[in-house]
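What follows is a set of structures for review.
Each of the next two complexes has chain A plus one more chain, namely chain B in the first and chain C in the second.
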Partner chain A sequence: MATDPIEQFQISNWIPIEIGGLDFSFSNASAFMVVTAVSASAFLYLTTSSRGLVPGRLQSISEMTYEFIASMLREAAGSKGMRFFPLVFSLFVFILVANLLGVFPYFFTVTSHIIVTFALALLVVGTVIIYGFYKHGFGFLKLFVPEGVPGALVPLVVAIEIVSFLSRPVSLSVRLFANMLAGHITLKVFAGFVTTLSAFGLAGAAGAVLPLAMTIAITALEVLVAFLQAYVFAVLTCMYLNDAVNPSH
Partner chain B sequence: MFVAPALAQAGDPPVVDMQAETEVALDQPAEGNFPPFDSSSYPSQLLWLAVSFGLFYLFLKRVVLPRIGSILEVRRDRIAQDLDEAARMKEEADAAVAAYEQELADARKKASAIAQEARDEAKVEAEAERRRIENELEEKLAEAEAGIARIKSAALSDVGMIAEETAGTIVEQLVGGTVDRKAVSAAVKAMAQ
Partner chain C sequence: MADGQEPDDLDGRRRKLEAALAARRTKEPGDAEDAKANGTGGFGNALRLSSEFIAGIVVGAALGWFIDRLAGTSPWGLIVFLLLGFGAGILNVLRAAGLVADFGSQSPKKDGDDPRERR
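So, the complex of A and B:
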């Protein structure tokens, strides 16, 4: 049971809460969501509390993240898109910290559950749709009709555009979810080899060096993936928000 | 689609032991056993995600992001201000250098003017001195010439007397006896003329 690679995704309810027949228990997943939010907030809050004119290393991290996301959003959606800066910044930091916390052994990975990533993706797409209609009315629908398309092709192109728009939340959420899930399963499988092999005495322990090295390498890769997936999520969010700000391509 | 098996399983565990659960799990469809697809946990996950991410978003939007934004703003302003200050100071320094050079040129001009004046004054004085000495010398020369002329005439007048006496004496010696003074004197005078 201890080497079951799926066990790490198991949710165990710590404080049972039931409202209207639905289970709203405070689980290990809830705990790690709170830990993610609190540790990220604390880091950003404490590192910038001195408001140093010349930033220290930790303050630099906060400032660099800020400018990184700000320039990303400004490039993708222009200065009008900057009203969504808090959203993109929160999403990026939340996903990044959740991913990074998940790399620690015995820690729960919040983003390895499709419902969480799907909810975040829906938040993005929902924001795009609501703001798009609020700002442009039915003009927002021009998003689905690219300019300069021959009349006969319009229905086909519109159908393709609609399908591609609808598949966005799916691709956005599944990409993050699948990356975290697959990485953690691989990690757990190789780590499992180490314990299984070392149970076979000295020769087994010698043979376990290989999967151990693999485990270390994959851990490093997971750290990279944690950054990369948070970045990809943020970049795509910026591009989708651009549609809400400037619907006519 | 996998709601039913998940709910069924959620009800099961309390009554079966660990071994039985594992066996049951092997018989179940994969999604019923796979935690990320276990929809019984969805309400709790959604609620706590909404709570934690919502508060996180609000905290960042209200507190953290304005703070970092203002830090960056202040720094940008400060750098721009410092650059302006530096440019201003450089201008001041340039002006000071120009003023210094102007002053130096003025001083040089003044110094050469003073030197020229001193030289001219000295020349004029020297000239005056020379003239004064020349005059003095000329005066002395004239005096001396006058003295010489006086002495010469005095000496010349003496010569006549000496010649008379000498002539008288010579005549006495040659002729013997006394000689008439008046005759000798006349003779000498006649000779001298």
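So, the complex of A and C:
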């Protein structure tokens, strides 16, 4: 039963809900999103509630996360971009906690589903577009016209730039989703080798040490990837927000 | 003498502090890069570049298909936008690799200078 590497991504409806023909069921994915949000906010709330002037260990984790995201956003989008700090911080923490929770055995990995990551990426790009038009009006469209292009080439370049802009949410979401999916499948496949090999008697059990070591190594790698992907997502979010804040500089 | 030296000394110290701070600040993202290079190095980079490229093509094809459906210009929208998507994919990859200026940075000096220099 446990040897199917895809089985871990199955969505099962725990509480079926249907409103107006639409499926609003509370599934294991929704449950783990709730767990992610609750554990992230609980951690941040509880660790900072003491408000120590000299932070303890846990409080300094929260403060370091804050400082990390704040400096990243300030470097990428300037001080005008700091109004998006809540968005970037929530995105980073949500993705990070979801990734880390996914490493636990028997836990569901929310970010291994493209619909989740695509929704997050659409949120970012939607913010960029709406804020860009709200702040700069049609001047925002100058983003698509690079300077110093010969007049005859402008339509072609603009078309390519627009397609390139629209491909951002796709690449942003596919990167996160593919990393998590591939990592978890690899983990499951190597773990499956352990059980399969140890079924072949003593020699098999001795040989099973190798995939077991590999599984442990990949688990460590998965933790690294969890951090790295949350970081990459946040960095790219900052870069895209920079386009909305300062479309041409 | 002492008066003349004091601000100089202070300036020198401040400069040294700034240099040290700058070194540390650039080191922090650099550390993350190093971790990337050591751990998932080539794999992460390959996945990033290929996802950028594929995203361009997929979005171009989807746009073309959608426009065809709306306007009924059956194969042409798909053909044109697939080619545009290919161009956008290449542009994405070059941008991700840092070989072409980003969306935001459009200083004419850089535009006239950088791409030719790199090529």
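Heads up, the rule we're going with is that the second predicted complex is superposed on the first by the 248 of 249 C-alpha atoms of A that agree within 3 Å, B and C clash if a C-alpha of one lies under 4 Å from a C-alpha of the other, contacts with A are read in each partner's own complex, and residues count from 1 in each chain.
By our rule, contacts are C-beta pairs under 8 Å (C-beta built on N, C-alpha and C of every residue); 3 or more make two chains touch, one makes a residue touch a chain.
Just so it is clear, the structure is predicted and the values come from calculations on it, not from any experiment.
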Is the arrangement of chain B and chain C around the shared chain A a clash or a fit after superposition? fit
Touching A:164, do we find chain B (first), chain C (second), both, or neither? second
Looking at the overlay, does A:122 come into contact with chain B only (first), chain C only (second), both, or neither? neither
With the two structures laid over each other on chain A, which partner does A:53 touch: chain B (first), chain C (second), both, or neither? first
In the superposition, chain B vs chain C on chain A residues touched: B
Could you look at A:210 and tell me whether it touches chain B, chain C, both or neither (first, second, both, neither)? neither
Chain C, chain A and chain B - angle at the middle CA centre, rounded to the nearest 10 degrees: 80
Return first, second, both or neither, reflecting whether A:242 touches chain B, chain C, both chains, or no partner chain. second
Using the touch definition from the top, say if A:228 reaches chain B (first), chain C (second), both or neither. second
Mind working out whether A:147 is in touch with chain B, chain C, both or neither, as first, second, both or neither? second
Considering the aligned complexes, could you tell me the closest Cα pair distance between chain B and chain C in angstrom? 12
Inside the complex, what are the residues of chain A that reach chain B? 1, 6, 9-11, 13, 17, 22-27, 29-30, 33-34, 36-37, 40-41, 44-45, 48, 51-53, 55, 59, 62-63, 66-67, 85-87, 89-90, 93-94, 110, 112-116, 119-120, 177, 181
Looking at the complex, which residues from chain B come into contact with chain A? 18, 33-53, 55-57, 59-61, 63-65, 67-72, 74-75, 78
Which of the residues in chain C end up touching chain A in this complex? 32, 35-36, 39-40, 44, 47-48, 51-52, 54-56, 58-60, 63, 81, 84-85, 87-89, 91-92, 95, 101-106, 108, 111-112
Which positions of chain A touch chain C when the two form their complex? 143, 146-148, 159-161, 163-168, 170-171, 174-175, 178-179, 221, 224-225, 228, 231-232, 239, 242-243, 246-249
